[in-house]
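Both of the next two complexes hold subunit A, though its partner changes from subunit B to subunit C.
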Partner chain A sequence: MSDACKVTAERRGDVAVLWTDGYINNQGGEEIAREAYSQLESGARALVMNLEKTRIVNSIGISILIEVLERVMDRKGVLAFCGLTPTIDKTFRIMGLAQYATIYRTQEEALQAVSPRV
Partner chain B sequence: MVQRKTAPPTPQIGGSRDISLDIPVAPEMEIVATAQAAALGEHVGMSRDKIDEVKLALVEACINAFEHAHTRDERLHLTFRLGRDEGGGDWLEVEVFDQGRGFDHLRIEPPTPEQTFQGKRKRGWGLQIIRSLMDGVQISSGDWGTRIVMRKYK
Partner chain C sequence: MRPAPERPADRLRDAWREVGVVLRQDPERPAPARVAGTAALVSGASRAALFLREKGRWSEAATFGDPAGWTMPDPCPAENGVQDGRLWIRLEAEGELHGLLGLEGVPAEEAADIAAILGALLGPALGAHRFSRLVKEADFEVRTRVLELESLYDLGLSLAGQLDLPALADEVLFRSISLTDARKGSLVLLAEDGSALLSRHIGGELVSPREAPRWNLPEGEAVVNNAAADEPTAGQRLSACEKCLAVAISVPGRRLGVLAVADKESRDAGVLDFTPTDARLLSLFANQAAAAIETARLHRAAIEKERIERELELAAAIQREILPRALPDVPGVELAAANVPTRQVGGDYYDLFPLSEGRLGFLVADVSGKGVPAALLVSTVHSAVHLQIDEAKTVAELVARIDRHLRRFAATRKFLTLFFGLLEPDSGKFRYVSAGHNPALIVRADGGLERLESTGVPVGMLPNASWREESVTLGHGDLLCVYTDGVTEAVNEGDEEFGLDRLSSLVSREAAQPVAQTCDAVLSAVSDFARGMPQYDDQTLLLARRV
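Let's look at the complex of A and B:
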């Protein structure tokens, strides 16, 4: 079996868009973190994480996303999420992710919001 | 925490339909369990979003047990029940039972986002997530193990 999370990324100037596909557990979270840190190291100042192809997460995966968010905040960067299912959105809010990162409905909205801020 | 040597019997619920599933304590087995929950949720016409909530709560219950229970038999014993209460509300209930060392859930301090961010305590959200996503949650635990019963109304 594997619902292992695949992560792809594309750079648009200072903004990196990351797409996830699959279960965000510890391995999925680590995959995302690896790509996110690589983008930050190569100069990205804003990350947009599009989770529209992820329907299930767990709290371990989310805790890794929180570590990514902390690193982005340390660099005075911006992290935005989009494409969340209502359940993932609710879980992000329970864990407080929405207090520190911004959640947008669509990728377009997220890109429009973060682009002027970087 | 009530200390018992053997697990209390599973409450019998009149008219409910039960399905049992044992899963090994192994990576990603929680996803196998969610497939059963999804199938039953679809069977009773539960919305996709509510099914997702049941799945996520079940994932949290399973990974909590995987990580902390130290089960004697290296397995989790799951029971899925469909039923209807006196008011006519249809529900899906998921029970996660482990024969581990038990824990006192009343003494677990819920985490806060402030502790989580810029702090060292990133974990420990499982029970809070379960309680937030499900309509009813009962936890019993002792030397015999832990039983978490989670109910979601259609």
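Let's look at the complex of A and C:
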């Protein structure tokens, strides 16, 4: 895991997959939000965030992810997470992210689940 | 925003829609911008600005039209009205003032009506929006506290079973950074001698492994430094951060490491002060980490001890297999031998070789090192001597062949001192090579004492080495004593060695006894001398008298 969070994305039809690599803090969260909003603007209906290369998330990062989730929901879209460490998985559940976004174990499971819904 | 519709009914409809969006909290367009825009839409103002009061302080939250030149009137107007060409409207809900709206370009005759309409429309909307946001913030805060408690609990559980030190360090550092919202952090664990054992850093090296042992931190209490960057923290000047929080990881009487985090993030990318809650949290993490690290260390020590015990058992077994189970019965020679292995199992080896024409070969060797490597080398020497003894024509050639064999087949590059002697019992001729070995002793029947000094370097030490073969004659009653340095270098509690002189005197004094008795007397004397002090080298003794 690198220190500054890097975000890469790939479009698969209506679904955008975002990979994060690094600490999801203010800087990392902003990178994710920038890429997520760009994907939504260009027509993506579902976002799958693969966090397998992220081992730390702080509350600022979570609040930005909640903002992204709200925007996705406002557009009647879908947000899914996958590749979470057990610690991040539990953090997302406690902080309420898992109430409106679904957490999957693998990217394949996430893609399979979100594809028919969009 | 699109131009205002011409019909008042359309303007009102659009305004209500905007207010609805404000109440619903559209994440794509912040509420203040919508409030300012709606105000302009309804009033037909050319420019609008919204000021909000957060925690008792006013600040500009949004503008509509040209954003330049807006300043908040001081003091805040007590009533709606026109000031300096701008209409100022108080946005209130439930008697509480939430915002102040400024409009430009509103006809003076409509100002009172517009103020009344917008105040009634946008005041409650803004109040509801802010209340909803406060509820969300409170919910986030409560969840964050729950997360902290859960993390403490989880960390305790996770660390209790975590014996892998690097994984343990990652777990502690990641959680510390995450829960204090720090931008960076370092964890340095110290070895028992106080040097840095392991370090982990996120966002840069906050604590240098070299300087970590010098950090002056109180036990069990985090030190907060929210001052300027050049203020020293715990005696160390940190240039890589603005604010810092550091804690010692320690168990009673011993510092195990230093944990530090820096630069608590805010949502606007600024740096906040660390709070007492952050300090308490980091102290609790450090306490849990200390217990886990100590457990992991004790576990590693126990495993290492077990490994050494197994290795020693193996080495002892190898040595037991190689040493002769019984001494040969050779006419004309009275023999005795003993080997006292130490707990660490050194590399002593002795052997006797009955050869043709009644000759007898004596070997005493001492391999450098201890444990399994030394035992394996002894095993190789044992094989080499047994393979080469019939091939070599002289003792010197035999030693040279052993040397070559070791260079070719030994797994480790070690060397050994060795004494090999060949006795012809009939004539008493004794030819020998001492490869860097302790001087063997001959106690003549008349009481005279001679030392057989080394005739070459230890075997395996130098390439292309050769050894000088010497010979003496053993008369009837003469006693030969070959030993290893474990005998002469046995130490007592005053760190004094038994020494060659003491051994020479003892062997001379006991020489008239049967050799087995002399052998026992020497070992007893060495044991009495050491008075129970642990010895670090095997003691081997080989005695032979020509009878």
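Quick note on the criterion: the second predicted complex is superposed on the first by the 116 of 118 C-alpha atoms of A that agree within 3 Å, B and C clash if a C-alpha of one lies under 4 Å from a C-alpha of the other, contacts with A are read in each partner's own complex, and residues count from 1 in each chain.
What we mean here is this: a residue touches a chain if its C-beta (ideal position, glycine included) is under 8 Å from a C-beta of that chain, and two chains touch if they have at least 3 such contacts.
Quick caveat, the model's predicted, so the values are computed rather than measured.
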Combined model on subunit A where subunit B meets subunit C, clash or fit: clash
Which of subunit B and subunit C A:R71 touches, first, second, both or neither: second
Touched partner set for A:A80, first subunit B, second subunit C, both or neither: neither
Which superposed partner A:A44 touches (first subunit B, second subunit C, both, neither): neither
When both partners are placed on the shared chain, which of subunit B and subunit C touches more of subunit A: B
Touching partner for A:Y100 - first (subunit B), second (subunit C), both, neither: first
Touched partner set for A:L111, first subunit B, second subunit C, both or neither: neither
On subunit A, positions contacted by subunit B and by subunit C: 3, 23, 25, 55-60, 63, 66-67, 70, 87, 90-91, 94-96
Subunit A contact footprint on subunit B (complex, rising order): 28, 30-32, 34, 49, 52-53, 55-56, 59-60, 63, 112-114, 116-118, 122-123, 125-126, 128-129, 132-133
Subunit A-facing residues of subunit C, complex: 25-28, 139-140, 143-144, 146-147, 150-151, 154, 170, 174-175, 177-179, 181-184, 202-204, 265-267, 269
Touching residues (chain side subunit A, partner subunit B) in the complex: 1-3, 23, 25, 55-60, 62-63, 66-67, 69-70, 85-88, 90-91, 94-97, 99-100
Of all residues in subunit A, those that touch subunit C in their complex: 3, 23, 25-27, 55-60, 63, 66-67, 70-71, 74, 87, 90-91, 94-96
